[in-house]
Amino acid sequence: MSGDGGPATPAPTAAPAPTAAPAPVALGTSVLEAWEVFRQEKDGDPMRHGGSVMAPDAELAVHYARELYGRRQESVRLWVVRRGDVLDLDDPDLLQPPLDRSFKKPGGYVMRDKLAAARAQSGQAKPKARSK
Amino acid sequence: MTDPLALEPILGPLERGRPAFNDAPTHDERFVLFEEHIAAGLKIEATDWMPDEYRKSVLRFVEMHANSELMGVLPEREWLMRAPTLRRKLALTAKVQDEVGHAQLLYRVAEDLGKSREAMFDDLLAGVTKFHNVFHYPTVGWADVGMIAWLVDAAAIVAQQALRDSSYAPYARTMRKICWEESVHIMHGRDVVVTMVIGSPAQRAAIQDALDRWWGPLMQMHGPRSPREKDRDLHWRIKAKTSEELRQEFLTIYVPRIRELGLVIPDPELAYDEAAGEWRYAEPDWDELRTVVTNHGPMSQARLEFRRLAREETRWVRESILGVAAAA
Amino acid sequence: MTGTVAAPPTTGLADLLLSMADDEFVIGFSDSEWTGIAPLLEEDVAMSSIAQDELGHAAALYGLLARLAGTDPDAIAYDREPDAYRHCRLLDHGRGDWAMTIARRFLYDSADSVRLDALAGGGWAPLAELVGKIRREERYHRMHATAWLDRLARDDGEGRPRLIAALETLGPDAATVFAPLPDEPALVEAGILEAPMLDLEVRWRTAIEPVLIEHRLPLPPPMRQPDRARLDHGQPFRWLWGEFTSVRRADPGATW
């Protein structure tokens, strides 16, 4: 299958850590830098990250995105974004805070024993699942 | 439809999104957490902290792969001009285009590890970094084009499929895209070979001759046997299978397909040992492999020189799109 | 392609189809020479797609001819002597450097676009239908050629002088896409070709002059030797012919 969604890997917008991608190559008025490409495989699908291309400007970035992620008619839509314009959030304190939040998820409501008690009390069996 | 009563797993510290080793206070602590992360089958992204050994190993692995895709274009490129039908010309052009595309994808992965494309080209042309043995040999006729597209690509794809679950996630994702694209190449190659096998006597003879010349390099391609415990690339799960596992897999799938065409594999010792559950074969010439990958193969220098010239001839174009006033 | 196709309403159609098919075939070959050695990896993939498109157009046009003549498209594409090819002289110059390739693409794509527009009218349905599809693919080629012409023209390094040199070399042959064809009046009469080639040449010049003038680039002069424009093929094409026929000639009649 073609490129998996997965988390995008944009360069940090702050001062680059040692693990950052190389700085864009600036040799003049244009800059050769990475552009991220998102693709939609078929109508109605979400945009998924495909990969990136190196290009000096938006016009060629779109052209190259079409080539690397669309020349086989494998995409119906592409989004092309300069890597530096992608905002990256991976702070676990914001995305995976430590205190219990199970009340926000279906798994936080376990009623198995309570339902068993209610059925025993009413003498009713568990209802059969309805097929769609 | 999702069952609303399905329990969600409670995420442990290793699965909480941003891996813990990124924030541990000392290098040693980060290293230990990193190893646990890898051992648990979890993935690394370009922006994660990495031990130097891991970063260097991934970069070396990906860079050699990228170099091989780039150099792999050359044996087939000269036959683009000579493809004998419109359809073959289109198919071969598309295949070689894909190889360039794969080089682009792989160099991108390596660039995001901190090495520039120009530096990688410099190292390739200076012989500091290497490319796979099979691309150091000449292609002498159209039969070679079929044979390479079929069996060389087949041997490569056996290795590439095993990389789809690499611990380095950008590489793993790229390998999934590459594997999907490569499946067409093997079909093209096999079609060319089968067409010639059932064609004229000259065509049949050319195919057998091509097999005779390419079998040796194919058997060397996955590399010499090495013990699993000593392989650091396996330890870091950059790759998942040993050289021997890949070679056995290749033989299992492709020996029957070669023989069903009435072709003779030029190794009288090649046989499947039922008791041991593996193929036996004449020992590949590891000296030849060593000689070839250190750029002493029949076409190594000629192809590197060709690349050097092509790069020089087009330097002005790269400078032009970057707005440089005068050549360096 | 199998099956018969409706008989053409006029003479001259085979010459028209052959000239177009050979144009697309030869430029597709030249452009495919960049595969593996283009200036940027991403550009390598882009130019290769364009070359494949042109070869696909050639294959479709040879296919139409083959159905008319009752032969096979590969035989038409590959089994002629060099002097029997009918591509225009613009495409006889050999690949050249990147500036030459871009200059040729710009000149050819703009001319081909005018030619295709003049064929879209529908005098002969199979051709009109094919032209409709080809025009949609050609938009992408024009975008690419224009993007590069613009960049090279504005470059204060080697790009601009090389582009100018390429346009000056190709200039006298640029209009050969519109060299008058045998039986052209019959094609116009039958509604296959909307106007004579000389009129199309004027339309083409009108279309490209603003772009060239804006970038202060040389305009193509009048066509040199129009009556030989599709006939005399020099060494670059003979070399190419030697290459693309070599495998077939080594085993004539074989199936590949």
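What to note about this one:
We just call them A, B and C in the order they show up, numbering each chain from 1.
Operating definition for what follows: a residue touches a chain if its C-beta (ideal position, glycine included) is under 8 Å from a C-beta of that chain, and two chains touch if they have at least 3 such contacts.
What you see is a predicted model, and the numbers here were worked out from it, not measured in a lab.
Between the chain pairs A-C and A-B, more C-beta pairs are in contact across A-B. With every chain reduced to the mean of its CA atoms, the largest distance from subunit C is reached by A. The distance from the centre of subunit B to the centre of subunit C, with each centre set as the mean of the Cα atoms, comes to 37 Å. Work out the mean CA point of subunit A and of subunit C, and you get 44 Å between them. Spacing of subunit A relative to subunit B, judged by their CA centroids, is 28 angstrom. For subunit B, the set of residues touching two or more other chains reads 101, 104, 117, 319, 321, 323-325. Each of the following residues of subunit C touches two or more other chains: 40-42, 45, 49. Within subunit A, the positions touching two or more other chains are listed as 53-54, 60, 67-68. Every residue of subunit A that touches subunit C in the complex is listed here, in rising order: 53-55, 59-60, 63-64, 66-68, 71.
Against subunit B, in their complex, subunit A makes its touches with residues 1-4, 6-7, 9-12, 17, 19-22, 25, 27-32, 34, 50-54, 56, 60, 67-68, 72, 88, 90-92, 95-96, 105-107, 109-111, 132. By the touch criterion stated above, subunit B contacts subunit C in their complex at residues 73-74, 77, 80-90, 93-94, 96-97, 99-101, 103-104, 107, 117, 141-142, 192, 195-196, 199-200, 202-203, 307, 310, 313-314, 316-321, 323-327. By the touch rule above, subunit B contacts subunit A in their complex via residues 1, 4-8, 11, 16-18, 45-50, 55, 101, 104-105, 108, 111-112, 114-117, 169-170, 172-174, 176-177, 180-181, 319, 321-325. Subunit C contributes residues 29, 32-33, 35-42, 44-45, 48-49, 51-52, 55-56, 58-59, 62, 73-74, 77-78, 97-98, 151-152, 155-159, 162, 240, 243-244, 246-248, 251, 253-256 to its touches with subunit B in the complex.
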